């Protein structure tokens, strides 16, 4: 029973950390219409920053600052945000599908750096001994998991509430105006690109924070954690849960992670141990299929606003209707 | 002076260029960046591999490779069949996924769906064939010296030759045939094309088939000269997109030249910085094009 | 179908009746409109901006969905025929803007249009167009995007004529052209009429259109408001009033105001 509770806490902790990434993506996509296919990259930046700031000295690698965890997490937000600012300044004016390809490429490059620049990131071996919050409790699995859950829940909760606020604020309205009709927004004197940049930076900072949190819970990070599989999972979560909607982001994260976690043991049960590795691929197939199915059948996802997606759906009709004599 | 890196660059570039033709055609006619294109490469190659094994079993005996090459006629036959099958796979995907989205959605949703579909397809390959690399043939090839320090294996030379043939064929198709005119028309203005009598639905279908078949060809070449693995198509996505955009979306010669530039860029990067940073070359070229001249070398101003 | 222009007593070549059409089903732009044209005749469609003239012929051409009414061409029902099949049925359409393929050569523009013809015939028709429009012949390898406005219009019409349509529809062919060019375009249309083709002409340039037209329709807010012989409408105070934005002096108006 206690084991179950412990597992449940562990499950929810991970699910919520993904939920945090989704919240970040939601600002970019759901609110502002930015198609970021490089999620994994920003998560990685945050994770590595926090790891470098908080781990003890290691030979041959930058770091060893041994700073408190909170500093690491703040640092993570800062570097992810700065990276986003730099990248965004160059690329945000590109049209949506070019932005997708570019951010896709960025994530690949970031992963490349993580694998190869050993002096900075520890190379393929990654970074270990990342301090865990409540590490002292490591002996007691239940207490440990519950404490971790408490931390993630609090952080996610704060971010969620803050974002809800922000969404309803004038700033949020400007973002939506830009998403819906950039020309009109421009005529109101709002510099669309500058607002987009702010949304991009904020979203990426949150992704970086989530990356840091994930790193600190597992205690170890490696480049292979940040492949496109993460980007894919997070997008699937947001699409399934409902883009444009913060609650949808969290719901999607929990649901998809549940699907993922449930299919794990299912696969273990069906397939013999030697086949585990290849069978794990089926999990991704399942999620991919569900994601595409949702896009076909209910594009706004479970909780998404019809309004968010309807702009894209009716775009074709709208363009045609514009040419009338 | 050792110019081997030039040869390497052209080899890789030829393959990228061939794949990029499919990308540029589907991008310009269907209107979206198709992430599934990488999986056409992968699935096509694995299909060819499976068919080759099948043919081998049917024939019963060991089939000797053709001439100086590492593969025999089964690979050729399997390759042709696989190209058709991959074209059909592309058509199937359009039927199930993209046609619906095209009617109601816009480009972004289609890119998203293509991203999800590509992950599902790739993982399916991984499940069926595992992530172990596979090969068409275990024959070792001797690289033959051609002067200036360049050495190429017979396989590589064959691949270059075949690519040239396919590229010329595609360019002739696009520039000189009625189908090619129809494709160019639909890519520029689908409504006007309809009014001029073009069955745009049919053109879309043909585009998918051609794109799939060319992707398969590119993949088989990579499979013969390098290796076959589930991520082979995905790893080519960034170079493919870069090449297509660099050359100008919609231009067949552009895609090929773009491919060569990306290939040479990668090979240069390997020379100067090291093999690890191959992928970064394609990315940097992409960024450069998008910032300086987004329509690419031969592209239309949209 | 005979090519003689005096077949006015014969049945109309194209009859559009009670057309309801619009980009969205519940929001029709054309609300129960009808026009018809005979062989060797020019039917002009006029009306203030937003009246639905463009939408009407786009609907007949198959580019805008028709939710009500019918279109008969030579007795055959072509209402729901897909756009690309209309040309095979004998109906050609020249849109107002983007009516040539700018990235393709003049020759390719023409050859494309004759896709349904066998190759030899295609080349023949192309030659015929070059004879009719020598300007195009001279620059056949030029990319259409480099042509002037008037030449583009010429190419657009030539493209439509490639498959020898029975009915030719044009959406404001005079738009953006100088008076001299407008006169040339309309002279071409007169020649085409003389060969027996029925022409439907949507126009803002009322004067020029009525001068060349045989019959005229006036559309307002998606409905027929007026029709008659073009010569009569030229001097009609009703038409003048419509264009100046007043309510027509003739009472009962059909339907409530917008």
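Each chain gets a letter, A, B and C, in the order it is written, and its residues are counted from 1.
In this section, contacts are C-beta pairs under 8 Å (C-beta built on N, C-alpha and C of every residue); 3 or more make two chains touch, one makes a residue touch a chain.
On a predicted model such as this, the values are computed, not experimentally measured, just so you know.
**Student:** Walk from chain A over to chain B along touching chains and report the minimum step count.
**Tutor:** Between chain A and chain B, the shortest chain-hopping route counts 1.
**Student:** Taking each chain's centre as the mean of its Cα atoms, which chain lies farthest from chain C?
**Tutor:** When every chain centre is compared against chain C, the largest gap points to A.
**Student:** Using the mean of all protein Cα atoms as the middle point, what chain has its own Cα mean nearest that point?
**Tutor:** B
**Student:** Just give me the whole-number Å value for how far the CA centre of chain A lies from that of chain B.
**Tutor:** 31
**Student:** Find the geometric centre of each of chain A and chain C from their Cα atoms only, then give the gap between the two centres in Å, rounded to an integer.
**Tutor:** So the centroids are 55 Å from each other.
**Student:** Quick check: how many Å separate the C-alpha centres of chain B and chain C?
**Tutor:** Between these chains, centre-to-centre, one finds 44 Å.
**Student:** Inside the complex, what are the residues of chain A that reach chain B?
**Tutor:** Residues in contact with chain B: 35, 37, 90-91, 94, 96-98, 100-102, 104-106, 108-109, 112, 115-116, 228-229, 232, 235-236, 239, 277-279, 281-285, 287-289, 291-292, 295-296, 299, 312-313, 315-316.
**Student:** Enumerate the contact residues on chain C facing chain B in the complex.
**Tutor:** Within the complex, chain C contacts chain B at residues 61-63, 82-84, 86-88, 92-93, 95, 98-104, 108, 111-116, 159, 163.
**Student:** Taking the touch rule as given, give the residues of chain B at its contact with chain C in the complex, in rising order.
**Tutor:** Contacts found on chain B: 178, 181-182, 184-185, 188-189, 191-200, 300.
**Student:** Which bits of chain B are touching chain A when the two form their complex?
**Tutor:** Those residues of chain B that touch chain A are 32-33, 97, 100-101, 103-109, 111-113, 115-124, 126-127, 130-131, 234, 237-238, 241-242, 245, 276-277, 279-280, 282-283, 286-287, 290-291, 294.
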